[in-house]
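Alright, structures below, take your time with them.
Two complexes are shown next, each including subunit A; its partner changes from subunit B in the first to subunit C in the second.
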Partner chain A sequence: MSKIKITVLMLVAIIIFLSALFIGPRIINPFRMGDMEKEILFSIRFPRVVVAILVGMALGASGAILQGVLRNPLADPYILGISSGASLSAAFALLSGIYSFGRFTIPLTAFLGASAVSVLVGVFGWRRGGLWPERLLLAGVGLSFLFHSVLMLLMSISTDEGLRRAVLWIFGDLSMADWSLIPYGLVFIVSGLIISVSRSKALNALILGDEFAHSLGFSIHKERFMLFISMALMTGASVSLGGTIGFIGLLIPHIMRFVAGADSRVLIPLSAIGGGAFLCLADLIGKSIMTPMEIPSGIITAIIGSPYFLYLLRRKDVLSI
Partner chain B sequence: MKRIANRRGYSIFAYHILSLLLSLVTCHLSLVTSIYAETPARIISLAPSMTEILFALGLEERIVAVTSFCDYPEEAKKKPKIGGMSNPSLEAVVSLKPDIVLMTTDGNPKEFEERLRSLRIKTYVFKQRRLSELPQGIREVGSVLGVKDKADLLANEIETTINKLKTQNSKLKTQKKKVLFIVWPEPLIVAGPGTAIDDAMNLLGYENIASKAKTTYPKYSIEEVIHQSPDVIFIGKGHVNMKEVSNSILKRIAKVPAVKNGAVFYVSDNLYRLGPRVIKGIEEMAECLK
Partner chain C sequence: MSLAFDRPILELKDVSFSYLRDKKIIDNISFSVGNGEFIGLLGANGSGKSTMLKLSSGILRPSTGEIKLWDKDVLSYPNKDRAKLLCYLPQLLDINVPFKVKELVGMGLYPYDIPPHITVDEALEAVGLSEKPDSYITNLSSGERRRVFIAMTLVQGAGILLLDEPFANLDIRYQIELLKLLKELKDKKGIAIIMALHDINIALKFEKVMLIKEGRILGTGSPDAILTREMLKDAFDVGIEVVRREYGEAYISYENNF
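This part shows the complex of A and B:
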């Protein structure tokens, strides 16, 4: 059963990927492309679609991991404050106008911010030789509030036009995607995915409780640490590639659980595929419905995703992580 | 006798009432006229464009405070600040006891004006948003602030420039060249319809490719820029070195005629505010387009 569902999902993902390439503000006919069409396709659309898929995959998978590790259905990759740390450092760079690394400046500062916060959350969540879910969660919420308020402070006292840029960046912006950043994002996100999939069995055990996992022979602290690292790598890379994009990390894992069950070995890859395809679709809609204007994809993801989620919620009897 | 006295009493009473009413009316009338007749000595400006107009009208001495966004001319920075455009401090404004507070519909919250009025602080709201409406707006400000002559002078100067360009370019009936004005390159934000920049392009006989967007400063699709292939690109001044920041976007649209033919111009921020500097801004653009 789930094999059929997975095949259908893959097919849908491929269709979305192709339509994101050839539909768009203007339709490109793949068999009759002029110079202009070729340029738009290869240097503008293709990298953007790839970035959307990467970011969506990272968020979907991190959401699935985090909900399991924290044993909390409300967890998403942003709950640990990683995104607010990234937003703060990126906004700082945008407002102060430091551009020492050219076009890499904002992604780099965002990634540094995300990594710094991951380390901080790890430090606060660490006790007696390991990471503890409740501590992680509370440390994340606390840090989130702190960074968020500092960000608001920066924005309310800033007087120049850097402000609107910062807001647009925080809402999630894929329009500046180009090939130069993709290799770096790819390395982080793929290694995060590999780590998490290889630890998915342990995640299944951890969801059922530490004692249970221990009795099955898993080293709970080591497994949790590895899962945390994989999540931090993916979330940090995704925020630096595309800003903060809501909904995907929280609700795609739930939707996939409704569709294919709660086994992490299936759930993590499915959440990745679902997240990638979904962000790709949302970005396609965002850049096409009000041409020549663009609507940030983070807004579209929530507008079209939430009703579907609520519909599934109505239909399901049992809820699980 | 008594009745007569009584009647006289009535008439005296009526006369008193009448005169009281009359005096009330005249008093009210004088109040109404005083709003515009008495020149306000303490002015607060809640918008950078208003500050620039005030300086251009030679009212520097009478400005008691401006917003933290008011950075032109240089002297404006030295004036006391009452907060930002969208979030000015009510206490700061009230404590400065202004005779009048100047606001715009473009950036100041409407509720703030209502609060000020409920506190019996006089306000003047500048409603003009288009280039063609600017001279009229300046004249109105001038008559409210009692500097009608100077305002007329400034307004006429702007009007003459606009009219001169209008007649010059109405003769050009050839294919209009396409222009794009980039306000910020990453993410791409451009000047859309309803801005002084859009008006200036039309005046100069050029077509703003972003004029079909739905907001004044839209986030614009890069694909569309390539499709519409502008002949000229302007990049406005920002808080950082725009040449550095715009490098990557220009590379991405390298095949567009404007970039290919080297028709990319870095210009000042003169046209960002609907104030006295617009003429300079238009002339600067015209100079580039020659």
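This part shows the complex of A and C:
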């Protein structure tokens, strides 16, 4: 049964990817493309779809990892404050007008912010030779509040234009996507996926509890550390590519558990595929429904995601980690 | 000449443990376990039964003393190698993840590259859950859940099972069935089983019991030798007595003080 569900999901994902390429403010017929259509397809839509897929994959997979590592169904990649740190550093660059690295400035500052916060959360979550889920969670929530407040302070004293750009970025704006950043994002996100999938048995065991994981032959602190690294790589790269896009990391792993079960060996790759497809769909909707205006993808994911999440909440058999 | 199988497979030597420096939870205990031994750890709440099992499994590191698994420090084993020799099943099975029964039981194969002797289906058959491989653990009763995890330990196939209160939440029928199953494992496969217990009636079915109080061993031996009125009074601080009937059956009698 779950094989049929997985096949259907893959087909839906492919249809969404293709639709996102050919549908938009201008519909492109793949069999009759002029120079203009080719330019739109390869220079604008293709990189944008690839960025949406990468960001969605990173968030979906990171959510599945983090819900397991923290043994908390409400965990998402942003709960550890990584996105708040990235937002703060990116907003600082946007508002202060520092562009030392050209178009790389914002993604780079966001990635540096995300990395710095990952290290900071790791330091606070570290005790007696390992990372402890409760400490990580509390440290993340505490740091999130701090960074969020500083971000609000920055925004409250900034100019209107800077503020608008910062708000767009914070809500996940994929409109600036181009090929230049994709290789870097690809390296981090694929590395994170490979690490996490290779540790998926350990994640299953950690979900049962540290004592089970130990008894089944895993080094609990080493495995948790590796999973944390994989999640931090993917989250940092996704925030720097696409800003902070909510709900994918929280919602997609829950839906995928419903589709294919809780085994992390299947759940992590499926959450990645589901996340990629969902963000593509949200971006397609965001750029199509109010043309020429675009709605940031993060807003669309939340508007679609919240009611569906509440629907799932009523099905208590689904909403567990 | 001492043959390999005569040697203890698990040995604790002068082991002490404390979470905080001032209070010892385990206080200088020594004991050894041989192949196929079936030992019940009995003691009041907080006496150190679970801590002893966790120390033996290498989850906790002793403050002093040493713990040897097959003549080698338990902490020196690579994790996967240790998992093939020794398996620990915790008392709390607090799982709210919708894993399927067969997925959970299959996790017992994680330490192995080549699947060992017993299959998931055989393990499920052994614990009476062969009808439920596709059920979600979250939909099972607490007794069924415990049997799922026992099946997982069977698949893991270690020679030493450390079980923390495996009879908790089981009704009397499954207590008896689990006891029979574990004794069969011991007899057929020579698996050594050490389990923390709180039910003295179950302890009476063991060949060997170890009575523990405040992290120290009060005595080890047959239930007849150890579960005396005096020893039980010392361990639990209540007046209880094992009464034996003529045809060998035994039960616990409480003093009429409540």
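As a convention for this text, the second predicted complex is superposed on the first by the 312 of 321 C-alpha atoms of A that agree within 3 Å, B and C clash if a C-alpha of one lies under 4 Å from a C-alpha of the other, contacts with A are read in each partner's own complex, and residues count from 1 in each chain.
Basically, a contact is a pair of C-beta atoms (placed from the backbone, for glycine too) under 8 Å apart; a residue touches a chain by one contact, two chains touch by 3 or more.
For clarity, every value in this text was computed on a predicted model and none was experimentally measured.
J.: Using the overlay on subunit A, decide if subunit B and subunit C clash or can fit next to each other.
T.: Here subunit B and subunit C can both sit on subunit A without a clash.
J.: In the overlaid three-chain picture, which partner chain does A:S175 touch, first (subunit B) or second (subunit C), both, or neither?
T.: first
J.: Tell me which touches more residues of subunit A here: subunit C or subunit B.
T.: B
J.: Would you sort A:P307 into first (subunit B), second (subunit C), both or neither based on which partner it touches?
T.: A:P307 sits against neither subunit B nor subunit C.
J.: Determine, under the contact definition given at the top, whether A:G34 touches first (subunit B), second (subunit C), both, or neither.
T.: In the superposition, A:G34 touches no partner, neither subunit B nor subunit C.
J.: If you stack the two complexes on chain A, which partner ends up touching A:D263: first (subunit B), second (subunit C), both, or neither?
T.: The answer is second: A:D263 touches subunit C but not subunit B.
J.: Contact-wise, after the overlay, does A:L208 reach subunit B, subunit C, both or neither (first, second, both, neither)?
T.: Only subunit C is touched by A:L208; subunit B is not.
J.: If we overlay the two complexes on their shared chain A, which of subunit B and subunit C does A:L216 touch? Say first, second, both or neither.
T.: second
J.: Subunit B and subunit C, closest CA-CA distance after overlay, in Å?
T.: Value for subunit B versus subunit C, nearest C-alpha atoms: 41 Å.
J.: Show me the subunit A residues, by the header's touch rule, that subunit B contacts in one structure and subunit C contacts in the other.
T.: Touching subunit B in the first complex and subunit C in the second, no residue of subunit A appears in both lists.
J.: Which positions of subunit A touch subunit B when the two form their complex?
T.: Interface residues on the subunit A side: 24-26, 35-36, 39-40, 43-45, 97, 99, 102-103, 106, 156, 159-162, 164-165, 168-169, 173, 175-176, 178, 287, 290-294, 296.
J.: If you look only at subunit B, which of its residues touch subunit A in the complex?
T.: Residue positions touching the partner: 68-69, 71, 84, 87, 183-184, 186-189, 210, 212-215, 218-224, 226-229, 238-241, 244-245, 247-249, 252, 255.
J.: Where on subunit A does subunit C make contact in their complex?
T.: The contact residues of subunit A facing subunit C are 73, 201, 204-205, 207-212, 214-219, 257, 261-263, 317-318, 320-321.
J.: Subunit A touches which residues of subunit C in the complex?
T.: 54, 57-59, 79-84, 87-90, 92, 94-100, 103-104, 107-108, 110-111, 136, 138-139, 156
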